[in-house]
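Structures incoming, each one as structure tokens.
After this come two complexes, each holding chain A, first together with chain B and then together with chain C.
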Partner chain A sequence: MPQAVVSARALSKRFAAKDVLHEISVDVEAGDIVGVLGKNGAGKTTLLELLLGFSIPTSGSAEIFGEPSADLSAAAKKRIAFVPQQDELIDLLTGAQQLSLTAAFYEHWDRALIERLSAAWEIPLGRRIQTLSVGERQKLSLLLALGAHPELLVLDEPVASLDPIARRQFITEIVARARGTQRTVLFSSHIVSDLERAANKVWIIKDGRLAWAGDLDALKESVVRLHIHGRRALPGDLRVPDALASRVEGSRATVAAAHWTSERAAAVAARLDADVEVESLALEDIFLELHR
Partner chain B sequence: MFILNPQSGTPIYRQLLEQVRRLVASGRLAPGDELPSVRELAVEHAVNPMTISKAYALLEAEGLLERNRGKPMTVAAQPRSHAALRERLRRLDREAEQLVLAAKQLELAKSDVLDLIDKKWGDEHAASGRQRTGAQ
Partner chain C sequence: MKAVARLVWTYLTALPILRWVGAVALASLPFAVIGMWPRTRGFIALPMLAFAIHSLSMTIAAGYLFRVLSSPRSHRFLPHFRGRSLAAFLAIVAVVSAPWLVIVAWAALRPPYAVTLVGPLFIIIVMVGFTFFPVGAAVTLVSLLAVGWLVTRFGLPHPTLVEVPSDAGPSALAIAVFLLCVWAAIWIAFSIWYLRVRRIEPIQTPAMILDKIGIGPAAGSVVFDRGRALEASLSAAHPQGARQRALFIAMLVVGTKLAVGAMSGLHLPLYTARVFLFFPGLVIPGTLLAAVATTHARRTRSVWLKSGLSRRGLLAAIEKQIWRRAAPGAIAVSVVLSTGLALAYDVAIPALARGLASAAATALLAVYLGVAFVRDSRLIELCVAAVLVASACVGAWSALSGPEHIGLWLATILSQAAAALAFRAIAIAQWRTIDWLVFKPVRIWSQSLR
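Take a look at the complex of A and B:
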């Protein structure tokens, strides 16, 4: 099995006796584009910071490229780029100055990419950073991260301040830079539709725990909404396996369920003497059903 | 060439599978036709390349597509077997159902509807032949 680019084992973090993250075990494989989804305060930022070694876990361990996250070698750090939610740009510099400052840290800085993207994304590189809009600052931060072609790109809410056009340009760039197993991305986002495009894997964090970690395609095939039309009044407890949420009204019911298979549909239909219609769900609906 | 909707409950690779199967069954994709590369499709639709390559790999395993070293994937030669015929017919199922339903609502005779299909098909001879049979 290939070595995981990022891996966490039973990673927990407590702040003031509150479990922010509880025993998270996950792997990011080379070439994965992983989207991290969760409500506000679910622990997404904390998880990214623990994985990157910016913060020390209460218990458990995290590794990047096989090295402990809290003690990464300089060589490993050069293979990683991180864009935090709050940018770390230097206000008094111009965009161009900031770019050359960052470029100096990296051996392989892609000037052509920077020129192409700063034009396409309309970033005014000649202006002082303190005069840039929030969206322009975010674009500049993303540019700084992409310029070094990092093997591991970690982004915390990378598109929160971008308009739909800029968001699409960014997603296209993330997709276009994928090269087999060489470019791994881990990003958190509230914008489910972006995540749905770019990610092949999804982590859904709920109350500090992983509600799902795996293939986006498999998640969509696993979680469904059942529309049950009974021939008589349905029981209050439908006993649908792996039900997430259900609503029964007389002879009709809707139930969201995980780990769905067609055999299960047949079994439920037979047991309840009902017609069962299976609705597949988009990621946003799956997310909502997981939070009912 | 394809309509891919990431905000659908159907995974992108399944959408692509279905569309390629349909295009091949209908002949709109013919043996030897080239498909866009994984990267081209991923960038054009701004979707993850892995879901595209998964669809291509499954279509290759089905024998619908052929992988060519260093070149785009192409549509493989299709055996015109009974199974393929059944499959093509199956794709008309819903339209046929709708046509029959509409015909019954209009209280039309089956022979009149079949004549109409013959005319639409450009096969007047078969239509008049059936009329004679019907008149006997």
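Take a look at the complex of A and C:
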């Protein structure tokens, strides 16, 4: 089995009296594009930054390229790029100067890619960063991360301030890079449609716990909405296995359930003496159901 | 009310440098009390200076932050922001001014002091003027300084601020009342302007203003090597700031010269000169290095991955950078200001040398206090600042107090050096587990107000 690019075992983080992350165990393999979903304050940023060694876990462990995240070697760090939620650009520099500064940290810097993307994304590199809009700053931050040709690209809310065209361009770029060169991307986003378009794996964080980690397709097959039509009034507690949320009104009920299989549908129909109609859900609906 | 209260709190504590200057301001309060004490009432410069430092801390807050947060980019999501922002700012002005107005009323019974004590109330106006109308304020201030210098230079008759003749012209009380009316009128006019102006442009940083007049760092290509890139990332500064540094040094030297000239013209007594020498020359530059060090420490987050350095390596990089850049700068400011003032007032050279040694010891302690505490705790910051400022004040005071206090001076600077070594060891231990999730650069956006 190939070594995981990113690996976490029972990773927990506690700030003061609050458990921000609780026993997260995940693996990311080379070439994966993993989308991290969660409500505000769910723990997405904490998870990404723990994985990258910005913070020390309260318990558990995190590794990147087989090295402990908090003690990464220089060689391992050179294979990683990170775009934080709040950019770390230097206001007094121009965009071009910031690119030159960042390039100085890396032995291999893809100038051709930078030129192509800065033109395509219309980044005004000649202007001082303090005069750039929030969206332009975000594009520049993304450009800085891509220029180093990282094997692992970690992005925390990378497209929150971009317009739909820039978002689409960016998603296309990272998908093409990951698929063509087996590079790994880990990104959090609130924009579920972007995540659905780019990611092949999804982690859903709910209240600091991992509600789902796995293939996006498997998630979509697994989480369904059941429309139950009983032949008589249904009980208040339907006892549907792995139910996420349910609403019962007389002889009708709607239930969102995870880990769904056709065998389970048959069993529920027989037990409740009802017809069960299974509805597939889009990722956004799944996310909402998981958070009801 | 809650929103206004939160704004006030933000204005006072949003930036590390604010909290540090605030600590200096608190530490200066006892000197104000000393100045008001019946047996030492003649030391009127002490409360003046204490108030000036208070005003400085409050107005960096209320001036700079007020200005930053007044631009639409910062507050566009917040309803009724203008009114609340103005209310919070005026509350700070009131907090700073109210006790002072009481003192002015008290001093009104002692004519020589009344006018002197009104003067510092205008410091906030000057600060706000510089943040909202930088060019106009600069022109006004330079004009006033130039007039003051000309008056002094050519020995023209002028009213002395300390000793207003009670039998010539309007009484000191009348002048004080007039100045207070001017002060109030300026605030009313500013409030009306603030509430009515259509758009307040984003703040022009000094770099942008210098850029406009062609003194800013070059916007063309800059070649970075790894060392320069790390240095620029940690200080968040332009690597080609030589012209700005040269301008700053020129302004410092000229400003010191003008200030010394103006003070000579005012015939301020020696103890007053010592007070000016004490705070701006020997205490503040070194103390502020702690804020610089902690800001550098926070910015290491941005190079954790890029630099390839370990946590310990990043601490070493900060140490190297501060001792190569920021600390020599702070010590140079101390030397220029202190020497200028000392020469103007015939402060004995040994006393000056002791004072500068004290400033250097304060700088040493400040650097390691600044990097030792990597928790985002304002209580810790306050304690650290209190220790630092107290030691700096004792050191500078004993240095300037004459040969009888050499023992205390020596003990203080040796203690500062020993404490610096201890805090360096604490820093090395703390940096093994530095957590950049919480210890990260301070950003001032609208979310800090929510």
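By our rule, the second predicted complex is superposed on the first by the 289 of 292 C-alpha atoms of A that agree within 3 Å, B and C clash if a C-alpha of one lies under 4 Å from a C-alpha of the other, contacts with A are read in each partner's own complex, and residues count from 1 in each chain.
FYI, a residue touches a chain if its C-beta (ideal position, glycine included) is under 8 Å from a C-beta of that chain, and two chains touch if they have at least 3 such contacts.
This is a predicted model, so every value here is computed, not measured.
Undergrad: Which partner reaches more residues of chain A, chain B or chain C?
TA: C
Undergrad: In the superposed arrangement, does A:Val175 touch chain B (first), chain C (second), both or neither?
TA: A:Val175 contacts chain B only, not chain C.
Undergrad: Give one of first, second, both or neither to describe whether A:Asp217 is in contact with chain B, with chain C, with both, or with none.
TA: The answer is first: A:Asp217 touches chain B but not chain C.
Undergrad: By the touch definition at the top of the document, which applies to A:Gly208: first (chain B), second (chain C), both, or neither?
TA: Neither chain B nor chain C is touched by A:Gly208.
Undergrad: Who does A:Gly38 touch here: chain B (first), chain C (second), both, or neither?
TA: neither
Undergrad: Please identify the positions on chain A that touch both chain B and chain C, taking each partner from its own complex.
TA: The overlap between the chain B and chain C interfaces on chain A is empty, containing no residue.
Undergrad: Of all residues in chain A, which touch chain C in the complex?
TA: 15, 45-46, 49-50, 52-56, 71-75, 77-78, 80-82, 86, 88, 90-94, 96-97, 100-106, 126, 128, 130
Undergrad: In the complex of these two chains, what residues of chain B are touching chain A?
TA: 6-14, 39, 42-43, 45-51, 54
Undergrad: Which residues of chain A touch chain B once you look at their complex with the stated criterion?
TA: Per the touch definition, chain A meets chain B at residues 31, 33, 168, 171-172, 175-176, 178, 193, 196-200, 216-217, 220-221, 224, 279-285.
Undergrad: Please name which positions on chain C make contact with chain A in the complex.
TA: 205, 207-208, 211, 217, 219, 221-226, 228-230, 232-233, 236-238, 299, 301-310, 433, 435-438, 440-441, 443
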